[in-house]
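Following are the structures in question.
Look for chain A in each of the two complexes below; its partner is chain B in the first and chain C in the second.
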Partner chain A sequence: MGEIILDVRNQRTAFATGRGMLQAVDGVSFTLERGKTLGVVGESGSGKSVLSRSIMRLLPGTSMTGPGSQILLNGKDLTAMTENQLRRMRGPEMAIVFQDPMTALNPTLSIGKQIMEVLMFHLKMSKRDARAKAVDLLKAVGLPQPDVRVDQYPHQLSGGMRQRVAIAIAIACEPDLLIADEPTTALDVTVQAEILDLLQRMVRERNMAMILITHDMGVVAGRCDDVAVMYAGKIVEKAPVRSLFSETRMPYTAALLSSIPRVTDPPHRKLDAIEGRPPDLINPPPGCPFAPRCRHAEDACNRAVPELTGTADHQWACIKPLNTEAAA
Partner chain B sequence: MNYLIKRFQRLLIVLGVVTLITFLLVNVLPGDVAYEIAGMDSSEEEVQEIREELGLNRPVLIRYVEWVTGIFTGDWGTSYISDEDVWEAITDRFPVSFELMILAQILALLLAIPAGMISAFRPNGRGDRIIGTIAFASVSMPSFMTAILLIYFFSLHLGWLPATGYEPLSEGLWQNLRPMILPALSLALVEWTILMRTLRVEMIAVLQENYIALARAKGMSNLRILLVHALRPSSFSMITLLGLQVARLLGGTIIIEQIFGIPGVGRLLIHAVYTRDFIVIQGCVTFFALAFVTANFLVDIAYAWLDPRVRTRGAHG
Partner chain C sequence: MNAPTPNIDSFLSIDNLTVEYPLSRRAKVHAVTEFTAHVKRGETLGLVGESGCGKSSAARAVMQLPRPTSGSVRLDGQELTTLRGAALQHARRKFQMIFQDPIASLNPRQTIRDIVAAPLEIAGIGTKEEQTAKVAEMLDLVGINPDQAMERRPHEFSGGQCQRISIARALILSPELLVCDEAVSALDVSVQAQVLNLLEKLKGELGLTMLFISHDLAVVKHVSDRVAVMYLGKLCELADAETIYRKPVHPYTRTLLAAVPEPDPDALRDRVELIPGELPSPVNPPSGCRFRTRCPFATARCTDEVPAIREIAPGHTVACHHPLMEHSAA
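Presenting the complex of A and B:
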């Protein structure tokens, strides 16, 4: 076992809405070790982005964190911290890369300034040192002509270059935990792989831990150590990448995997999409949240929410897991 | 460059329309400068004589063209009453009015920016509601009313500031500013509310932006986020208004200069209107139009300073 960077315990995040409380993240627990990458996969609305913002403690005022929730970063409980304590954690201990690089950078500040302010605030660098370090960081993330780019504004950069800048900002203070929240969703396919490679290299070089949030199973496959599949605010299956693909237990994971089109498929084959919609998170059904859309569901599935079971490595929340004796 | 030419064309059109309208309006007014020059007890023949002498009985359009040509050659005419050169009369007094307007705008911004930021930080929060109420009360009072209240309170009651008067800058900066504070404040107390509400609305939207979330994720303080990250992208509408308000301020200074006895262009204009000294009226109005167009030209330059996207792409509009 490596050093545990992040220990999320029973994280529950809810939002007050006009119709009642919306339970966006519902009892999520996991640990993440230094140097490892956890992929978090799920449909839109499965709570994966709320989870990332819950860890960063960047939630709007209408949100509530459950009373039993704890997020330990390097052993320190983020949920018990004041805003000022959290500010000192954001940057040097945890950082985030957002989905859309076109809107994540301030259009009125030069990219150099946007990197420098992190260094000057957290590392107490002088302006001159911060600028030199900003150029170094831009070079490290593979931005061409970093000494010219440093004085440019976001609109002068392409989407891929902006995401590189966002990564440079995130890694500026050498955080222990890097959260990448769908970092390539808004980018051209050709740039996606480059950005993912860059993230992977940064994690390896700087020995960080990374949470890679995505809805793309393909992204997860080659680049994560473990994968957590989220559905309706819960982790429904969590396993090392290899086992997740070869020994899929949760029918939802199986459905996600089979909804990926394959090159070997005959042309014009209908995509194997998942029928139905995710459940209402304000008044969730009593049983397994996936049961209404599940091909294998039985009456028992609708009675109680299944707990995560399995081994320490591979866990699933299903009373009729696939590829096991019980299913056969 | 192309942009500058376009702007200049617009300036010419504005000036043409403004001068023509004022010229016609002044001519429609009953009574003319000839009565003033001739005096109370003069006969109709005497007045008619003066009219002929001044060329006032010629058709309006001819006189207009004559006068406009004069403007372009630098000859703004001479006052019928005081024989003063109109251009000199205006430029002598304009620095005073200009100082008053600038001070008013500075005070308005000093009130509007912090208040707008507090309001936008927690919309409908306690701070927002208190500021909103004060702003509503403040904008509901016309500036001459505010002026009288301010004089009562600060001059008569507390005796801190003079109620009237003007000191040139040569008397020292504080001596010069002291009598200007109340007049500037009277104007600012109306103007700040509009600036504040505009900034508030725009900033509420900006604070929802992703880059503000990123600034939070970088550990930046709320104060820094408001000042460094949100203020600039939130101030475009406010800057636009700042230019448009010059028109209101020009009108406002005329009244305020009367109340506080400040020898600015406003008083020159009022006096000219009373005496039907239309060459001065036209001069003042033309000058105001020029000032207004110039102010809005400066606003366009401010956009470029605020938004680097304008800088590289060329200004919009």
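Presenting the complex of A and C:
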């Protein structure tokens, strides 16, 4: 086994809302090794972004973290750190790239200054070294004419180029963990492919660990080692990417896979839609959160929330997993 | 060189459609330039391309929202671009549109009953009771329980339900043409599948002709009989859905298809590498072929000469000097 960079233990994140407590992330555990990419896939509201912000400790004041939750990054528990300690972790040990690159960019500063600030703060570089390094980073992320662009402002760049700059900032201090939360959702397909290539290359070259969050099964299929499927705040299946697609155990994963339109389908194929919608996270049903929409549900599914079980590699949260007899 | 076959039997004829937005006295955005496509009755034409390629401008020009800068749009033989006032209002009953953001496109202060009845109200059709009965029928058709929904407001419904309500509103005047602009793009896949299946069902039952605009090539393939690919305001390639996806000959169609992330870990990813750089501005589009600054196959001719639209097989047209005929895509 490789070196474990991230160890998430029973992460629970809730928000106080007008209607009651909303359990956005509900008992998520996993580990991630150096050099590996974990895909986290799920529909909107399934808790992907709250999970990524929980790891980065970038949560709003209305949030609450469960008493038994721990997030160990390089062995250090982030849930026990002060904001000051966390600030020193963000950059050199962990970094995040968001869907909207402007979340990370300051519109009033040149992109070069923004990268330099990070380098000067964390790595204590001189101004001159930081500028040279900024140009190098812009070059590494594929920004054309980096020595000219370094003095430009975010508004002078296209969406795809801004995302490249956001990636440059994220990797500037060589973090061990990179989280990319829907990094290409707002981009066109050809640009998306280029940005995903870039992230993959950065992870490989710098030997980081990456969490790639997306709603798109197509994005995880080609880019991840392992995939975790989230539903109603929980990981409901986790497996090496090939097993997830070919030996699907959780009915929700299977339903999601067959509802996707594919370019390889014949025109006008009727899609297998999942009827209904995800449960209310304020008043979740007592049993399996997918039960109200599940074709295989039976009475027992409504009694208790199924635990994540299976092998060390492949886990599912279902009492009647699919294809189990056929499995090797 | 073959000229495209004239389409006498088409229900919707779009010819040399051009949409320009003036920026100043001298500059303008060339959003759509001489776009031509013909759609038969009961057929769905998919329109794909990346953001800013002019898909939505073309759709809105077909809807006369606003009228195109030049070119012709004929629906069932009637020229729409010259219609004015009451005549245009009357013709509008035949063509309706649904938009991307299902929640924002519904007035939050109105009840579902009033939202769906609005086209009847504007056209002055029926008494209040007749309108309500028609609204109930339409809601039922799109899978929304009328008794539960009529008196509620949009915020009480999910995105997928709001899109169903928009569809009910668009269909209440029994239009013959339905224009969908990114109609399922904001929805989660499981809900997107529900709405796509609904659109397909309605198209069959009501004999609708559709113009379906999306940036998502897989979604477009699912609903379209024929597909048009646009880049920077120009038509690149148009063919039946099977052909576009199996044997694309325009370099841009190839690029676009190869970039689609397939939900299959074993999918072959033979990407066409674009020349790095930015999408040119539609204010100053490149001379000749507009794709030439990114096209790996470009030659001097591509700079000098705008590629004409040629028919390379029956019903398959392409605008490229060097179409990729020899190799065929997987």
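Note that the second predicted complex is superposed on the first by the 319 of 328 C-alpha atoms of A that agree within 3 Å, B and C clash if a C-alpha of one lies under 4 Å from a C-alpha of the other, contacts with A are read in each partner's own complex, and residues count from 1 in each chain.
Everything that follows uses one rule, which is that a contact is a pair of C-beta atoms (placed from the backbone, for glycine too) under 8 Å apart; a residue touches a chain by one contact, two chains touch by 3 or more.
Model, not experiment: these values are computed from the prediction.
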Partners on chain A (chain B, chain C) - clash or fit: fit
Touching partner for A:Ala166 - first (chain B), second (chain C), both, neither: first
Which superposed partner A:Arg90 touches (first chain B, second chain C, both, neither): first
Which of chain B and chain C A:Lys127 touches, first, second, both or neither: neither
Touched partner set for A:Glu117, first chain B, second chain C, both or neither: first
Once both complexes are placed on the shared chain, angle at chain A toward chain B and chain C, C-alpha, multiple of 10 degrees: 80
First (chain B), second (chain C), both or neither touched by A:Ala104: first
Chain B versus chain C as contact partner of A:His155, first or second or both or neither: first
Touched chain A residues, chain B compared with chain C: C
Partner chain(s) touched by A:Val189 [first = chain B, second = chain C, both, neither]: second
Distance in angstrom between the closest Cα atoms of chain C and chain B, superposition on A: 12
Residues on chain A engaged by chain B in the complex (per definition of touch): 56, 58, 86-92, 95-96, 98, 100, 103-110, 117-118, 121-122, 153, 155-156, 166, 169
Chain C contact footprint on chain A (complex, rising order): 43-44, 142, 144, 158, 161, 188-193, 196, 215-219, 221-222, 241-242, 245, 255-257, 259-275, 277
Of all residues in chain B, those that touch chain A in their complex: 209-211, 213-221, 224, 228-229, 232-233, 306-309, 312
Of all residues in chain C, those that touch chain A in their complex: 50-51, 158, 160, 188-194, 196-197, 200, 215-219, 221-225, 241-242, 245, 255-257, 259-267, 269, 271, 274, 276-279
